[in-house]
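All chains are identified by letter, namely A, B, C and D, in their written order; residue positions are counted from 1 within each chain.
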Amino acid sequence: MPTPTEVVAHMMHQDAFSQWLGITVLEVNEGYSKITMMVRAEMVNGFGIVHGGIAFSLADSAFAFACNNRNNLSVALDTSINFLKPVAVNDVLVAIAREIHNGKSTGLYQIEIINQKNELVALFKGCCFRTGKQLVAVKSSL
Amino acid sequence: MPTPTEVVAHMMHQDAFSQWLGITVLEVNEGYSKITMMVRAEMVNGFGIVHGGIAFSLADSAFAFACNNRNNLSVALDTSINFLKPVAVNDVLVAIAREIHNGKSTGLYQIEIINQKNELVALFKGCCFRTGKQLVAVKSSL
Amino acid sequence: MPTPTEVVAHMMHQDAFSQWLGITVLEVNEGYSKITMMVRAEMVNGFGIVHGGIAFSLADSAFAFACNNRNNLSVALDTSINFLKPVAVNDVLVAIAREIHNGKSTGLYQIEIINQKNELVALFKGCCFRTGKQLVAVKSSL
Amino acid sequence: MPTPTEVVAHMMHQDAFSQWLGITVLEVNEGYSKITMMVRAEMVNGFGIVHGGIAFSLADSAFAFACNNRNNLSVALDTSINFLKPVAVNDVLVAIAREIHNGKSTGLYQIEIINQKNELVALFKGCCFRTGKQLVAVKSSL
């Protein structure tokens, strides 16, 4: 069986958009992930602050890395995000995904996004469905 | 007073991330917007399908263009998205933002994301707070 | 196989809280329900307007009647409600549940709550998980 | 100025539906509340388990008691609830409302619902708008 860290490394390797965001994985445990990125000028919206889609995307990656890392392929059903403080270019964001509920068929996760001043800038909630398929193929033992 | 179309043109002009996404504005009316984009290879996630943050970002731009276009600067409070079908590279997505409620201090919008086969791939809901500030500065008449 | 109407009649018969609310079922079709109730004095909150839990409960019943009526036992995962207008004692509310997505393992429903002036007072969204179990036992044919 | 405890006592006194639910207020602090109730037979739904509206209503009362207790009248905008475990008749539920964000115009609260086995049965999130009006009238000093 691959470890949670191995599953996330496998996911991150193929995840072109998380790479574009500049995401670095800081920590992975069963049902948990902690990742970071720095905000760039190309991520701002029409108000000169950072586009809501950037914070959402960071949280959504942390969610995926947390809910899939037992190698049970899980798909997002319903996610929500509350925006608490504006994010600016050059801010360093950290997303921490924690497991609220690990059900057989579904799971619930909460992701906090913190900036470099340790302020909570957004709170994300994600509910996933577990397909029961493997993410990283495991060879059957002989 | 700027028209809804002028307000959105002003927003889009400054919106670096919507430009990166390749968003084109198709239609704007009071409290309404319709926008489109084509999905590129750099937008996929660790499963080889399109990252949830891309659909969210498209919907969030449509939401912003709809809820701000009366030139009353509005900020997103709570948004949610349900993912109904996977999105693939080269899919052409259209987001249609409709106003459910236009309150004095808050507003509620629903955004449908449709693919080129006219399938609903995601449904987004956004609640905003109206600041009462102008987005595009209007000179006072003399 | 029981019809959608039969499944909902079976549910309503056992549903003590929907009975307390005074719910009447108006219409049932596959993945759809329309129900009504009148608000009573014992349903108000600390502001003298109707408690948010009443509108939620009405919508949640309409959701359950819509998502279960193909006799595939479904449980609510994630639900949300936006409150748009206050509700007063003696208001007559109608909840209309529509199916947005009917997946094999999950479903998405939207419920509008309308008052007697045909105003939208709340909008509810519900995501359910389908267990695959029967709600009304069907005897196997011989 | 009334204390948070006085504001909640004032609210609870008028709150007919919280009284019907059998809610007892356990603890109140600024932006915080902890309340409890026991589930009765008349609160079950069509599956013989407790209606989702009951857990929502308990959480919504805790939310209202937390977000209003600085005597700044606040109204619910967007609320959501995730159901994690079924609730049965005679279960004793405790709802704990914590303030995530206390903004000038809006606030964000999270409410955990725990049963008598200390299991998390539901998680509620509420976003409110602050009207700036007083809940309990304060006489101006002379």
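The criterion applied here is as follows: a contact is a pair of C-beta atoms (placed from the backbone, for glycine too) under 8 Å apart; a residue touches a chain by one contact, two chains touch by 3 or more.
Keep in mind that what you see is a predicted model, and the values were worked out from it rather than measured.
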| item | value |
| --- | --- |
| Contact-richer chain pair (by C-beta pairs counted) among A-B and B-C | A-B |
| Centroid spacing, where centroids are CA-atom means, of chain B and chain C in whole angstrom | 30 |
| Centre-of-Cα separation between chain B and chain A, whole angstrom | 22 |
| Two or more partner chains touched - positions in chain C | 77-78, 80, 82, 127 |
| Chain contact graph, described as a line, ring, star, complete graph or other shape | complete |
| Residues of chain A touching chain B in the complex | 10-18, 20, 41-48, 50-54, 56-58, 60-61, 64, 68, 73, 75-83, 135 |
| List of chain D residues in touch with chain B within their complex | 77-78, 80, 105-106, 127, 129 |
| Contact footprint of chain C on chain B as seen in their complex | 80, 82, 84, 100-101, 103, 108, 120, 123, 125, 127 |
